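Below, chain A partners chain B and then partners chain C, in two separate complexes.
What follows is the complex of A and B.
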């Protein structure tokens, strides 16, 4: 396996290394040495590479490196859960729609069109501002905000992946081997799981990778707009705080921005890679 | 007539999709915990809440509420910002923010196309060369950088450290056109870079395909200069995908400018949406989102119809 990895293009290696690194940070956050992310120190706004604070500290004295390590957990949590659940539901709906057609397909198609007619950031904004609202105007707790954010992103992702799954399935469901299988009396669910899913999976996977990037960008955007996770607990939230001090301590903003950019770059790379492999396979058929 | 039928069908679909999307929004508003009227105006007096509920239709059920709001929209009444001091019509804000957003989106498109077309042509012509490979990697990286990241980097270096451009704010072109352009450079650049990358990649793929056509070979063998062949013979047949996706981008961009408008304090639609969320003006928010959705659907359908008229092949492909 390692030998095969070495033969991959350089972008593949870098992306893998970065994503593995981020997931590693997310899982082993508590075991890593260094200052706590939410404990203020004496050093206010010291630059990167200063003793004890490799990435510097924020104007409020929080260690930037610790914040980055801590932020990885939330970013990974939000991105992975929302894409897995939303993608799973979307793929299921899309595949069954394209396979069974009829009224069900038409109704779902209208619903998808409706949801896709609202740009994804706007839709998640609307959903979060409604779902995270509390009765007496007290801001919702962070745990609730994370939950709401994941739920909203799931709702946003379902039509995106559903649409892709549907169009990919439409191409396959009229192929000869599917028709042959149907005429032999194979159960619908068997055809779907044995014949359709393996064939449409790469297309869904490619878009799934792009969706992870979209989710991470949306998380950052929501924080900038002031309705995301507050207090520097995620990368987006760190840069939302840091941008007010851009002139004095730009590192506060640049490290989280760089992390967001690298992560999006890596997932986009994989999305592109899977799609290129797919094109190669299609052209052989 | 065939085109007329397609047109009518399309218009009905647009209407239905927008109606459904706004109904979905109306349901969301009604799902808010507590009473939207008292959420909008903090410390409102009871009779003020009653009047807000009456004016906005919040005293009816979801469907009645939605219908009042939707039919008012059709007659040009876009609802109000309900504030303790009184009600401000949303249409005043719309008059200012829609042109601002459209101007910004148009600038982004112009800049993106101006850069992407030559880049796409040259990199396709030199397919596989070092220039092409380096450009492809650079473009891939640029297309993955979120626009807010670029905006933050650009504003530090070009506006704060080296103050040649204003860091934030907006001037309308009517007041002072030169100032207006100055304020637009940074936001437009942050949005355009990612789009340049995707446009260049699209055009490159199509030009590579066109360059393999016999008539290009013919033109080349006649001794016409390479640049003339590229610009006059290759660009036009290869530009349909690019132009379609550029047009499709218009709607998406209006939604996508929210963060950039907030970062640079440009009073466009996106900025107003963010403002309405922060100040919890749910009815204004509903109207603003509906307008973005409407613009988005309208652009998509127009592109479809125009593509349909220009290139009849798409008609058969769709069946």
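What follows is the complex of A and C.
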């Protein structure tokens, strides 16, 4: 398996290594050595590569490396859960409405268009400020904020992946092999799971990976706007704090930005690669 | 014995922006068990629509009138579930293009066992054994390896054999073959037709063979229906049709088949002109403006289907060799 991996293109190797690394950080955060991410140290605004603080510290004395490791968990959690749930619902709706057509398809189409017409940042903003509002001077708990953020991202993702699934299904559902399978008396649900899903899966997976990147960016944007997770608990949140000190300690911003950028690039590349690999058709020869 | 299939006044029309397109017009056909019928005609004559309408595989825009009786039951009023129960085990279809009629991302074995598992309730192992036997029956070399292959790894002839294996897997009473050899080259065509004839006799299936090639149906059918512009214009036992051709259209079709004995450099005879607009209902014989023997009567009045004896029916005012 390792030998086969070595033969893959360099972009695939890098993106796989990076994604595995990020997921590893997210899972094993607590077992890693090093300073706590939320405990201030004596060293305020120390530059990178200084002893004890490899990525330096923030102006408030928090270790940047520890912050990055800790931030991976929330970024991955938010991105993966919202894409899995939103993508699953979207793909199911998209595939079934393209297969059965009729009234159901028309209603879904209008709903998707309405959802897509609202800019996703505005939608997330509205949901978070309503559902996770500060009540009587008490801010909502972080867990609640994360929950609402995931919910809003799910709502953003459903129409995006639903559309992709719908158009891919439309392309395949009138093909002769679907009619041929029907003519053998196969049930609709069997046709969908056995014949449509394998054909539309590459397109949905590619966009799904792409969506993971988008979600990480949206999460960062929300933090910068001040309504995301506070206190540097995610990469976006670190960025939100760091940008005020850009002229004094730019590393505070650079490292989380680099992490976001690598992750987004990796998911995009990985998605593309997976799609190409799953494509078992004539065009490959 | 009642016929396996009986079509009575079967008509199909499509709602199009330009008006009602009448693809099949009041077709009457009877077919007994084990019998095979060739449906011949040029592109757009309604052959494919006729076979799909009989099965009930029409798109939503189509309306079907008339009745279809299958094994004595009128199936024209069946709902989606009843029709689905009939498909595969009662009627099955082989499609024109084996390149598109197999799912490109699933292995041959999975596609072949699918209907055996879903329709016959076989377990995986039994279905696999049956599939291997089927592959052997349609003369696929090394069936074990074939089960694991994807469609793109096979030639057209192989794919069509797989399609045939899938179609006969549930022992249907009635098989529709919609231009099964059009996408194949000539040497493979003969093998595939031979295979179809063998299987038909073996399983005592009735078969409708749709094609635009009179040569294809000649050796493999008991009866022939020649279609033109949605009408059956000539309907006769195969022997009778070739011995005693009545329709100028059938004659023209036969003339336009290339022959080995014609000297090189001779132009291939073609049927001049085009099919009439199927959305318009013009008076007269639809073949009138292409017919070499046309008269004023042909342009004014559409000929009825006439019984010429010996089970030979034709739709012409002035049949070749004279009428009754």
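As a convention for this text, the second predicted complex is superposed on the first by the 270 of 285 C-alpha atoms of A that agree within 3 Å, B and C clash if a C-alpha of one lies under 4 Å from a C-alpha of the other, contacts with A are read in each partner's own complex, and residues count from 1 in each chain.
Keep this in mind: a residue touches a chain if its C-beta (ideal position, glycine included) is under 8 Å from a C-beta of that chain, and two chains touch if they have at least 3 such contacts.
Being a predicted model, the structure only gives us computed values, none of them experimental.
A.B. asks: Is A:159 contacted by the first partner chain B, the second partner chain C, both or neither?
C.D. replies: A:159 sits against neither chain B nor chain C.
A.B. asks: State whether A:180 touches chain B only (first), chain C only (second), both chains, or neither.
C.D. replies: A:180 contacts chain C only, not chain B.
A.B. asks: When the two structures are overlaid on chain A, which partner does A:125 contact: first (chain B), second (chain C), both, or neither?
C.D. replies: A:125 sits against chain B, while chain C stays out of touch.
A.B. asks: By the touch definition at the top of the document, which applies to A:247: first (chain B), second (chain C), both, or neither?
C.D. replies: Once the two structures are laid over each other on A, A:247 reaches chain B alone.
A.B. asks: Kindly classify A:239 by the partners it touches after superposition: chain B alone (first), chain C alone (second), both, or neither?
C.D. replies: The first partner, chain B, only.
A.B. asks: Could you figure out whether chain B or chain C reaches more residues of chain A?
C.D. replies: Of chain B and chain C, more residues of chain A lie in contact with B.
A.B. asks: State whether A:195 touches chain B only (first), chain C only (second), both chains, or neither.
C.D. replies: Touch status of A:195: second partner only.
A.B. asks: Could you tell me which stretches of chain A are touched by chain B in one complex and by chain C in the other?
C.D. replies: Of chain A, no residue contacts chain B in one complex and chain C in the other.
A.B. asks: For the complex, give me every residue of chain A touching chain C.
C.D. replies: Interface residues on chain A, with respect to chain C: 101, 175-177, 179-187, 190, 194-195, 198-199, 278, 280-282, 284-285.
A.B. asks: Would you pull the chain C residues touching chain A in the complex into a rising list?
C.D. replies: These residues of chain C touch chain A: 55, 57, 60, 84-89, 91-93, 95-97, 100-106, 110, 114-115, 118-119, 150, 152, 163, 166-167, 169-170.
A.B. asks: Would you pull the chain B residues touching chain A in the complex into a rising list?
C.D. replies: Residue list for chain B touching chain A: 16-18, 20-21, 24-25, 28-29, 31-34, 39, 42, 137, 140-141, 143-146, 148-149, 152-153, 155-156, 160, 251-252, 254-256, 258-259, 262-263, 273-274, 277-278, 280, 285, 289, 292-293, 296-297.
A.B. asks: So in the complex, the part of chain A that touches chain B is made up of which residues?
C.D. replies: My answer: residues 11, 110-111, 113-115, 117-122, 125-127, 129-130, 133-137, 213, 217, 220-221, 224-227, 239, 243, 246-247, 250, 253-254, 257, 260-261, 264-265, 268-269, 272.
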